[in-house]
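Down below are the structures I want you to see.
Okay, so chain A shows up in both of these, paired with chain B first and chain C after.
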Partner chain A sequence: MFKELDPILHSQLRLAVMSLLISVKEAEFTFIKEKTNATAGNLSVQVQKLKEAGYIEVVKQFKDNYPLTTCQITKKGIEAFENYVKALQGYLNTDN
Partner chain B sequence: MDDHEKAITPNESLKLIEEMINRARNNFGDNGHLYLLWGWVIALCSLGHFVMWHFRLVAHPEMIWMVTWATMIYQAVYLRKRKKASRVKTYSDDILGYVWLVFVVCLALTAFVLIQYKERQALYSMFLVLYGVPTFLSGKVLKVRELTIGGVFCWVLAIASTFIIVKFQLLLIMLSVIVAWIVPGYAMKAKYNKQKLYGEGE
Partner chain C sequence: MEKGSEMSGQQSLLIIQQMIETAKQEQKDDGKAWIIWGWMLFFASLTTILNQHFRWGGTFLFWNIFGIVSLLLAFISIGKRLFVKRQHKVKTYTRDLFNKLNIGFFISLMFIIAGINLGISPMIGFPLLMNLYAFWVLIYGAVLNFKPSYVGAIITWILAFGCLFVHRFELLMVFHGTAVLFGYIIPGHIANREFRKLQSRPPNQV
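Let's turn to the complex of A and B:
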């Protein structure tokens, strides 16, 4: 039986964001935008979905009078990411 | 990546994960500024100390090391600014911050203990031992070969220093920071600038 792939993570941009955040402690929105080559609007939508799922924590504050959004992966997000990778491996092992 | 819900195959997923992790890892955020700063300060202080001592130019040549206090103040301001400007925080930044903090504490304690025991002749040898620790660890964490080699070089000089008189050990201190901090500092600066040029940097 195949494990079902987490629909929250099985989307190109959301997976890219999670893969970036799993490698660092925290990152600013502009950093994620630059690394994923996404548009601000699309990234905002996907970040919001990850936040609603409890996979990331989003902190909004001000730095030098400019709004600053910082994202950080949560424990739940790490677990979900690990399970997703395990499920992927299951698919690939069957393919080979 | 402008497709809102673009479907991907498991293979594409794995490739994407790998690519993004590499992009985060390859973000080389250290421009080598502090390695160069401290490298030059320590090199010039040790050379100045040696010259003034050897040629008996002043009564207290060791006073030249007061320059390091001013350097520490500059470093505190610089780190504060850098922290503010940084858009990403990594676990390795945290680890290395603590490694260098431990180094400064150990350096101060070693100096205190050796002076208390009136074992001044071991001071520079112990400094060389300690210089090697954060340098080697930074080299491994940041994957900067020059730093790792520099760390080992400090330990080799620590052994060599036991065979020469204290005054000339100052020249070994100078040599150690040239190899362990100045050379890697310029290598890191070049790597950082190159990355910035190709739009991959912080």
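Let's turn to the complex of A and C:
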């Protein structure tokens, strides 16, 4: 039914991450984890997939001796998200 | 949350809505800065009026005290930013914009204050300050789509304009105090109440 929907985005957690990042400039990994209620392991895997697709940029650094990972949506990610929403609207309109 | 289970269109839409709503909450301002600066400016105006009656000191005694307290607060704020671990786990476009605009507001403020100290009459200087407050309050209201700030900006501008026709310093202070009450204090408290209400909501379950 949703064949044309971007498979990278058509996953609950990845879509949640992208929806969060589309509205902010950048977010820490802990923030995304807190807001999506995901486990660190699962979130890491999904973030990696989004990164590999070029949808987000992940910066890993150290702050006060603690690792700090921040994520930011890329232009490609914004385009993919917009296309996904458009496609979704199309499906929903067809359903109605 | 599941790793990649099948979703319906409605579920996808719900996730997008929930997450965007969550991100929107991060754009909300707690209004604390408006409350602190508003009450400080209000008390400086009020005590200056009382000082005109009781003559505890020079006309600008309480404005000088306000200046010292402001500098102390500014140093504390800078120190916190430099040495205390930051609290924000997310950088929003709104916060970024306000940080940059704050610098412009501060420079403009200092410019007028310097002007007053270098000879511009306070009867002109204070309306100019109020004009600047109104502009900043309008920007805040426009960016956050916060109606109390729109109303506050309009009232502040009306009072600033009215000040140009006032010839008594006491009355100028009444106008100034009223302007910060409507421009800073009331919107600040409303923003703070809304922020606390939002914070007390349970987190989204995706």
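In the analysis below, the second predicted complex is superposed on the first by the 93 of 96 C-alpha atoms of A that agree within 3 Å, B and C clash if a C-alpha of one lies under 4 Å from a C-alpha of the other, contacts with A are read in each partner's own complex, and residues count from 1 in each chain.
Operating definition for what follows: contacts are C-beta pairs under 8 Å (C-beta built on N, C-alpha and C of every residue); 3 or more make two chains touch, one makes a residue touch a chain.
Keep in mind the model is a prediction, meaning the values are calculated, not measured.
Peer 1: Using the overlay on chain A, decide if chain B and chain C clash or can fit next to each other.
Peer 2: clash
Peer 1: A:I22 contacts which: chain B (first), chain C (second), both, neither?
Peer 2: Both partners, chain B and chain C.
Peer 1: Given the touch rule stated above, what does A:K75 touch, chain B (first), chain C (second), both, or neither?
Peer 2: A:K75 contacts neither chain B nor chain C.
Peer 1: Check the residue A:K60 against both partner chains and state whether it touches chain B (first), chain C (second), both, or neither.
Peer 2: neither
Peer 1: Quick one: classify A:L13 as touching chain B (first), chain C (second), both or neither.
Peer 2: Both: A:L13 reaches chain B and chain C.
Peer 1: Would you mind listing the overlap between the chain B footprint and the chain C footprint on chain A?
Peer 2: Shared contact residues on chain A: 5, 10-13, 15-16, 19-20, 22-28, 30-31, 35-38, 42, 45-46, 85, 88, 91-92, 95.
Peer 1: In their shared complex, at which residues does chain A touch chain B?
Peer 2: Going by the criterion above, the answer is residues 5, 10-13, 15-16, 19-20, 22-28, 30-31, 35-39, 42, 45-46, 63, 84-85, 88, 91-92, 95.
Peer 1: Considering only the defined contacts, which chain B positions touch chain A in the complex?
Peer 2: Touching chain A from chain B are residues 1-8, 10-14, 16-17, 19-21, 23-25, 27, 84, 87-91, 93-94, 202.
Peer 1: Provide the residue numbers of chain A that touch chain C in the complex, in ascending order.
Peer 2: Touch residues, chain A against chain C: 2, 5, 10-16, 19-20, 22-28, 30-31, 34-38, 42, 45-46, 64, 85, 88, 91-92, 95.
Peer 1: Please give the residue numbers of chain C that touch chain A in the complex, ascending.
Peer 2: That would be residues 1-5, 7, 9-13, 15-16, 18-20, 22-24, 26-27, 85, 89-93, 96, 203-206 of chain C.
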